[in-house]
Amino acid sequence: MSSPPARARVAKEVAEVIATRRVGAYQHLTLVSPEIAELARPGQFVALAVGDESSATLLRRSFSIHKVSPSGTYGGTVEIVVSAVGPGTRWIVARAPHDLVDVVGPLGKAFPVPTEPVPCVLVGGGYGSAPLFWLASQLRERGCHVEMVLGAASEDRLFGVVEARRSCDGVTVTTDDGSAGHRGWVSDVLPDLIDRTGAGVVYGCGPMGMLRSITDIAGRHGAVAQVAVEEAMACGVGVCMTCVMPVVGADGQTRMVRSCVEGPVFRGDRVRWDAFDGNHARVPDDAVGAPRTGGH
Amino acid sequence: MADQQSDKHTDDRIDLSVDLGYGKVLPNPLMTASGCAANGAELHRFFDVSQLGAFVTKSVMADPRSGRGTPRMAETPSGMLNSIGLQGPGIAAFVDTDLPWLASVGARVLPSIAGSSSTEFAHVAATLRASRAFAAVVGVEVNISCPNVANRGLVFACDPGASAKVIALVREQLPRDVPIFAKLSPDVTDITSIAAACVKAGADGLTMINTLLGMVIDTDLMRPHLGGITGGLSGPAIRPVAVRAIWQVRQAMAEGRIPVVPIIGVGGVRTGRDALELVAAGASAVQVGTATFNDPTAPVRVLHELTDLLVEKGYQRFSDVVGAAHGSPLPPRPVPVDERSRA
Amino acid sequence: MADQQSDKHTDDRIDLSVDLGYGKVLPNPLMTASGCAANGAELHRFFDVSQLGAFVTKSVMADPRSGRGTPRMAETPSGMLNSIGLQGPGIAAFVDTDLPWLASVGARVLPSIAGSSSTEFAHVAATLRASRAFAAVVGVEVNISCPNVANRGLVFACDPGASAKVIALVREQLPRDVPIFAKLSPDVTDITSIAAACVKAGADGLTMINTLLGMVIDTDLMRPHLGGITGGLSGPAIRPVAVRAIWQVRQAMAEGRIPVVPIIGVGGVRTGRDALELVAAGASAVQVGTATFNDPTAPVRVLHELTDLLVEKGYQRFSDVVGAAHGSPLPPRPVPVDERSRA
Amino acid sequence: MSSPPARARVAKEVAEVIATRRVGAYQHLTLVSPEIAELARPGQFVALAVGDESSATLLRRSFSIHKVSPSGTYGGTVEIVVSAVGPGTRWIVARAPHDLVDVVGPLGKAFPVPTEPVPCVLVGGGYGSAPLFWLASQLRERGCHVEMVLGAASEDRLFGVVEARRSCDGVTVTTDDGSAGHRGWVSDVLPDLIDRTGAGVVYGCGPMGMLRSITDIAGRHGAVAQVAVEEAMACGVGVCMTCVMPVVGADGQTRMVRSCVEGPVFRGDRVRWDAFDGNHARVPDDAVGAPRTGGH
């Protein structure tokens, strides 16, 4: 918050839904959103308003950008993959073709891409894989060897296995119940994969617990983890300070930083995983401006 | 600065200007609400922040503050709860970085200041005054709706004495021609008594209202949803409370129980029609808070909607609409002695 | 009467019974909210009102009252304002007609009484006690959120002294085994101090919360929308305020600052999940008000939704959920002397 | 409020919209609502919920029942005619066939029908004519001579001119701007019509100002006025006391009575028109329980 960030361009568009289809447990929506499609990079997200002007649901819902097509028959499109978990996402998955949705984006920082062609492993949990295929293509364009791990509770909660095979050099699938691929967690297969490919970077997107374990494993196996987090966000554009997480800065100091503008992608080893407990994050005692005893 | 800019971003169909006192004239009555717009750079990606009458910054305290743990928000019907805990960079960083940036883009700034003690408020005001970008400041909002450590964390704005003390100390630190606005909490038995105490202590205006104290239980985990347990309720849900508070205080001014000063209205404004409600109840300017989270262009959109609505209704001067729902006009505002002497 | 019926309308999957004190056991915790269900006959067309834990009637005063002029309501985001002005038939007609009708359909009744002075409250309570249908009364709700003519119309519930006086006088008029509930207003700086004053004066329980004072401006006519100018804000919009008030008072009980008495929660409940929020915050029973206007079956629907939710969560007794979000249980409720002597 | 009303049956149904069509300035909707169709009589109304569970609009919107068909291909249907004036009515007119709406009804008291076959005049202002055609048929079945007056600001705001010609013995049309029928108000043509037909009852439905003048004219010309009023209603079912109006009872005393259960049809000469000022109604000083000076 101290230094005004560089002015990255961002758009607000009323987008037409031109396609929506069920994919396993998820809904895959294609929105006509030319400006956002033009500006976005992998790892960024969009925020959709829920309901109309008279809706009791004021806050936007955030979704990773799965894919953009900067031009096409309808103008540029943006695709998202939505898991209906509550009223907001249920409203979004209920949109029919030609319905309009209000979209703001692209938001947040993209996945940093290595300057050298180092091997990379991409790990997606559930719909967390959505932004990774696009990232995989960009990495391979730069000459990186790219392997992907897709994990989920069960087969219907895997997203993009076919697309993964198309866009990566190797794909490993895990499910908790063994309904597809290896029975178990992504963390069971990740160590070997890093070692085998000599990966320099592990990219992760999925539940917090998974991101934490990816970070641990990457660290132990000599790779850098870049993880895209999900924090509850009221604004998505950096003005409300609700989406903060304790993250260590370049100066070694922990601050509560906004995951919507300084994230959602963070270097895994910078995140203070020790402060998390379920969906609650404490302010670590050594954080800048942390409450002092008897103080605020 | 305000004067130079007052002809920019007005509308040639209607005179939208707002007089905050001491020659601080804003080109129009729309503002951001403190804590709902950060310090400008983020929203400047969506619209030119100098188009607003004034930009109200996030309340800043003496030192950097981490704020509270998460979750810091909960969605509620037509509103939300927040418990940010006044996270911020501290006044030194604010005057070094944020204020000069706002000045550089031509914004008129209404910095919001906070403190855990009246002396902290005074220190923050003094540091602000010393800023090289102080010329961009058209007034200072004093967020007295924050906890007073000396009084078991009871918020200043719940106690007339504590409120008056903060206002008097801040007033001393700032040049006489910079109006100060006391931002009041609606969580009190009688808001007019707090308003009166603030104005008597030197507040040149009042901002109403801050959030209502509220709470959400996470029924999955069966515990309070917010890290900070309670939080501030904001959004359209609370608009009727804001309108009522503004109405009551304006009424008390009309009855001579409170000296006449401008009121800045805030609470639940999402559309131009909503803004007009606050204005008709007595607000001379309007802030847009939570609605910005729904629509990052909301502050300027509301400005345009309000302008169109007033033009449609045939008004020629915004100032004619202020308090219009009361029927009778306010007694004339006495010109302060030092203002007269400057004329 | 309550005892005879306590095995009816319960659920065999879970014990939903609620003990209001003095042997008044309700079969379940769901109630109507005063003024949102008239006196029973209208809703009885939609569901059997004896299915509810208790039926709370519209606040009744000594004499017939016309209430205020119209408009008496304004819709607001996720809520509404009302300014009815306590229209009603007066206590004589109530005990002649309404209470016997409720008794005839087997409802357990929590009459709500009001007054413009503490003596009016006492008179209403005395007349109620003399009713031939008094056996249907499981408790009395004392609506102290109404204006006190002796104090410039300030509502009783805004002042601990005035509140205590009303409660003490009403307590004297009613048999010791009929619990009385003080219904509190959220429009106060510290609701725990009002709660404490009421309990100390003899309230056997507390109902929280009444409406918030609010206002809507009609921007077409540019005047207050309601005939009564201000009105009471209710509905889901205010739920976070209700949860917070219940939480604070329950917390004060846990800390020994207020004697432990049951809390009846009310404010913005529309679904079983909403009811559970109030219960987890500390409410032993829940009233459904404004949601009834959206869905006339809301009180029973909420009962069924709440029951299903609790069963799904594996609870066997409703009483285990009361205050569950606080983590720690309350200190045991001391048995009053006269209750012990009766045992 | 003093004496519990007789327990008239009322239903709450989730009704499918099976037809919706534009008629001039209005939208005519047909809802599958068998229980309500079975119970309703002319002059009663239904109350529709607006939006879904997460809607910020809590209160129902009331509409006169235009017509019922107690049985049919889809089961009984209820028809309403809606003028979109605000967010609630805009939502309702935007419903498409097969959408569901939550309906409560039939509500309120019906038009009282004379026991003798007396001539009647039915006066409808704007969409206020909606409930009158059904009433006209019932009156004619009882042998009454029925004439109708339809008035509106302009032709597009007239409703049911063709249907009126079918269901009545005579029809007179007035518009403020002369775009159809006589230029002027219904009150211009009403006196002659009462005199010519010897009407014993004048039924009216439309704006309050019109109902007041119908009442005056009927009184002066020896007829009884039965008018259906529109007051803002929060509940529509008699539990909130928001919809009250000052009305003189059989005992000659004025009370603030609920127009949703004791109305919406009142004998015109019982309504205290002197207390109205636009959409505001004062409590007359002589009303039962009226505020006393210094009192409440």
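By written order: A, B, C and D. Residues from 1 in each chain.
The working rule: contacts are C-beta pairs under 8 Å (C-beta built on N, C-alpha and C of every residue); 3 or more make two chains touch, one makes a residue touch a chain.
Chain identities (UniProt): A, D = Dihydroorotate dehydrogenase electron transfer subunit; B, C = Dihydroorotate dehydrogenase.
Just so we're clear, the structure is a prediction, and the values are computed from it rather than from any experiment.
Enquirer: List every chain that touches both subunit A and subunit D.
Expert: B, C
Enquirer: Just curious, how far off is subunit B (Dihydroorotate dehydrogenase) from subunit A if you go by their C-alpha centres, in Å?
Expert: 36
Enquirer: What's the distance between the Cα centroids of subunit A and subunit C (Dihydroorotate dehydrogenase), rounded to whole Å?
Expert: 47
Enquirer: By residue number and range, which residues of subunit C (Dihydroorotate dehydrogenase) touch two or more other chains?
Expert: Expected reply: 77-79, 235-236.
Enquirer: List, in ascending order, every residue of subunit D touching at least 2 other chains.
Expert: Within subunit D, the residues that touch at least two other chains are 53, 56-57.
Enquirer: Line, ring, star, complete or other: which one describes how these chains touch?
Expert: complete
Enquirer: Would you mind writing out the residues of subunit D in touch with subunit A in their complex?
Expert: Listed in rising order, the residues are 51, 53-57, 87, 91.
Enquirer: If you look only at subunit A, which of its residues touch subunit B (Dihydroorotate dehydrogenase) in the complex?
Expert: These residues of subunit A touch subunit B (Dihydroorotate dehydrogenase): 1-5, 7-10, 12, 49, 53, 56-60, 102, 104, 231-232, 234-245, 255-256, 261, 275, 278-283, 287-291, 294-296.
Enquirer: Which bits of subunit B (Dihydroorotate dehydrogenase) are touching subunit A when the two form their complex?
Expert: 35-46, 58, 63-73, 75, 77-80, 82, 84-90, 93, 97-98, 101, 116, 147, 149, 221, 227, 235-236, 271, 290-297
Enquirer: Using the touch rule from the top, collect the residues of subunit B (Dihydroorotate dehydrogenase) that touch subunit C (Dihydroorotate dehydrogenase) in their complex.
Expert: Against subunit C (Dihydroorotate dehydrogenase), subunit B (Dihydroorotate dehydrogenase) makes touches at 74, 76-79, 81, 158, 187-190, 212-217, 219, 222-224, 229-231, 233, 235-241, 243-244, 247, 268, 273, 276-277, 280-281, 309, 321, 324-325, 327.
Enquirer: With touch defined as at the start, can you tell me which subunit C (Dihydroorotate dehydrogenase) residues reach subunit A in the complex?
Expert: 77-78, 236
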